[in-house]
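What follows is a short report on a single structure.
To keep things simple, chains are lettered A, B, C and D as they appear, and every chain counts its residues starting from 1.
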């Protein structure tokens, strides 16, 4: 759907996941810093399962929306009368959702006892994001300058995310990578909304001049601001989670000292690593 | 051979290897999860040797086919009459097969007692795929838009595969990388067939309009579908192998429990890694 | 500010940081080579904190300078009279400084007891450099050839730096990476000055012919010379630090022997690693 | 010197180093596989020192040749009469040699007791190769198609080499990377000669048609053949070294068994790694 809703829908999906991750990963990280909470590991496994199911559901919603909107292709690919393709744009979006669906299925399988190798869930997510990138890359030929530019900025978020998820295959549970992924996902989500607002102005808003160089310069900057806001949201969520976790701990006994200690231990460990990395 | 057969031949080679790998690596992985099967290591070494020999054979077939088809160069490079080159397209394909042949030879040497360093077999395979990519990259100048596009999509599969194999030099026996390689090889194989069908339609099929933008959009999407099918095939093969392995194990004693245990151990190990990675 | 000062200001900031790092990291490295100085770890932590505060200050200066110079936008983004953008160039530079400010804030937070994960400071610096790169990349459309070329050379320093900092997220305290970062930062700083001199010649100096191919060739070479000078400065600083550290150690007892020993130990360790890396 | 000799000179330098490395690294690797030869570590250190000195000498020869050939710039950069640049091509080549000289100096310093961090020698070599790549990249604007193409193929060898050397900073003494570096250096060397022959045909040889598409196709293929020959040379050298080492060992006692054993140990170790990598 090359209209406002067609951009708002995936944008919302990405925002939901990005925001959720920006809460989940700090929670997981901060909890793991306090010893004696290994029991929660099972709980995270269940969360991943639910995430997988949600991914599949979102993908289904996306696919159905793209196919069965009034002006959609209704699952017809070829118009047999004049041998032309039917609504390829919708089909491309369907394809994009399909791969996120596959990624969701792999997520589910990873946490069922089929012994799917760990890392495959990250790989399939990375593949889904790459496929999205490839589709968008070839999407924007023969479009006005602003349209091309706004989509090419999206590609930065997409391929940045794809590469960072790919690295997660090898460095699983690395908090920095997980936070990077969350922030890039929020960026992608909010940028989809921005694209919708710019290309299909709502209500009586004036249309953007699609060839004005000034507009292109503003959009570049606007993209950076979106990321700044995404980082701000991440920081707020992190602080909130931090408050919750540390209050929780205080109630269940003064383990704050434990945290401090492990912190200073960390410093020592790093210092010795520093000395050791050149000698061993 | 710039015709249907010239694309179907390498396509079949890649499909054979991709499908074979999609069975071999899950088998190796699932067997290794059950302790006490170290004896099978020797067996995999022999398989690699056979693979190497097969690679060399396929390359020879490819080289001979390219050189000695009726309209081939028959090993002549320069036409001495007018100082022009003879059938450079066939020579390029010969070069491509040559490097796969070299990769096969290195495979064989790796498992003979010449003490070739491990990792060299992966490197030579990666080099072969890179060379294929370089040849294809410079292959498509001055061609119609659809021809260029369909080959540039192939390049994604080729360079993706080359990079992932290059990483295997350092992360040998990483199941996720091996599955990725298998899937990209299947994709390459099936895409060669697709290129053949699109550029040289069989029988009385209508020719594709090589400049229609709609066709280009469809081809992009079609590439993604090929990969989706490749992933489906991988999943089916993985499941089949899983069934075989677990039935096998049941017959030779109830080691299923062992698997479960090692699984939960894994979870703990990962949880501790998670906690440890920030502290040490 | 598209004038000389607008390039000299960030250039000076980068030079200050680059030169400081080219002293700090050799100092840290050489001190760590001599055992028994673990106490200095606390001290480096305080230095990082000061660095963070300095980064925030520099960013504030930059933002204020860009916004409130006489011909600046004074925080106005949209001219409501004719719905045009106000001084987008200054706004872009403001955005660039903003991200360095964010990086400074993260630096500060990392060394406060909010338990921000280590590595996040490097990530945020890397993101700031990437954002700078993205802004510059889209900055130079519709400019003369020399202007484009001189900025595209800057991009090499920027993206090179961004990637090397990103690697530091995973390989923290790696002296080679830290030295690379220092040298690329000095290069960026001095190149900003060079851009200023070339595009806005001071005093009565003759303007550069912006389309002459010879000038473009010279600028490419000049960029390499800047890096050679940066490397020379690094070498001088390293030598000075080395002299200081070894004289210091001599005063506080003959630990020079210790250094030699640890050096030969290193050699052995590496030799065994060499032998071991193929066997384990 | 944009003539035959100007390409043959660096080509010879690269060939000398490539061929030397293709002997040195297998020797080092095969020796290290046989236990009890740790004493040879010192010897390799001395070799690296000699290599460094040789690099500096080659660079000096290159710089002097570029500057003081009859039609060279003789250290003049600006023609003060008409404010034009003097022989920028020669100056660019001088710059290229300069960075290889710096790399040589760093090599020398690494093995003197100035405690330069290991890895810096690889970094400086990598930087030298990158600089060469950057200079060549901007070198070929406004040239005929064949000239551009033949240089862009050189860039593949250059940047491939630069990246692989950069990886060596982190994975030092990795035999596969060292062999890759050797082969890419031989390729670079022989390709410089090829460029000389194509662009400046010797004696009465016919000039190449610089715009013929067939010629461009042949050159692409020719590049691959150069690499195939480089690989062949590597294989021959490896075999020769293998023969020497194993004969040597037989004379000084039957340690061949030791090799075999360590080989089978390796296999076991890898098998256990295989099993372990998923569980820990």
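Note that contacts are C-beta pairs under 8 Å (C-beta built on N, C-alpha and C of every residue); 3 or more make two chains touch, one makes a residue touch a chain.
For each chain, UniProt lists the protein as follows: A, B, C, D = Transmembrane protein 45B.
All values reported here derive from a predicted model rather than from experimental measurement.
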{"item": "Furthest chain, CA centroid comparison against subunit B (Transmembrane protein 45B)", "value": "C"}
{"item": "Same or different residue numbers at the subunit A (Transmembrane protein 45B)/subunit B (Transmembrane protein 45B) copy interface, by half rule", "value": "different"}
{"item": "Inter-chain centre distance, subunit C (Transmembrane protein 45B) versus subunit D (Transmembrane protein 45B) - centres from mean C-alpha coordinates, in Å", "value": "29"}
{"item": "Mean-CA-position distance for subunit D (Transmembrane protein 45B) and subunit A (Transmembrane protein 45B) (Å)", "value": "42"}
{"item": "Multi-chain contact residues (two or more partners), subunit B (Transmembrane protein 45B)", "value": "29, 33, 117-118, 174-175, 266, 273, 278"}
{"item": "Residue ranges of subunit B (Transmembrane protein 45B) touching subunit D (Transmembrane protein 45B) (in the complex, touch as defined)", "value": "28-29, 32-33, 35, 38, 41, 45, 83-85, 88-89, 91-92, 95, 98-99, 102, 113-120, 123-124, 127, 131, 134-135, 138, 141-142, 169-170, 172-175, 262, 265-266, 269, 273"}
{"item": "Subunit A (Transmembrane protein 45B) to subunit C (Transmembrane protein 45B) touching residues, read off their complex", "value": "29-30, 33, 149, 156, 171, 174-176, 179-180, 206, 213-218, 220-221, 223-225, 227-228, 231, 238-239, 242, 259-260, 263, 266-268, 270-275, 277-280"}
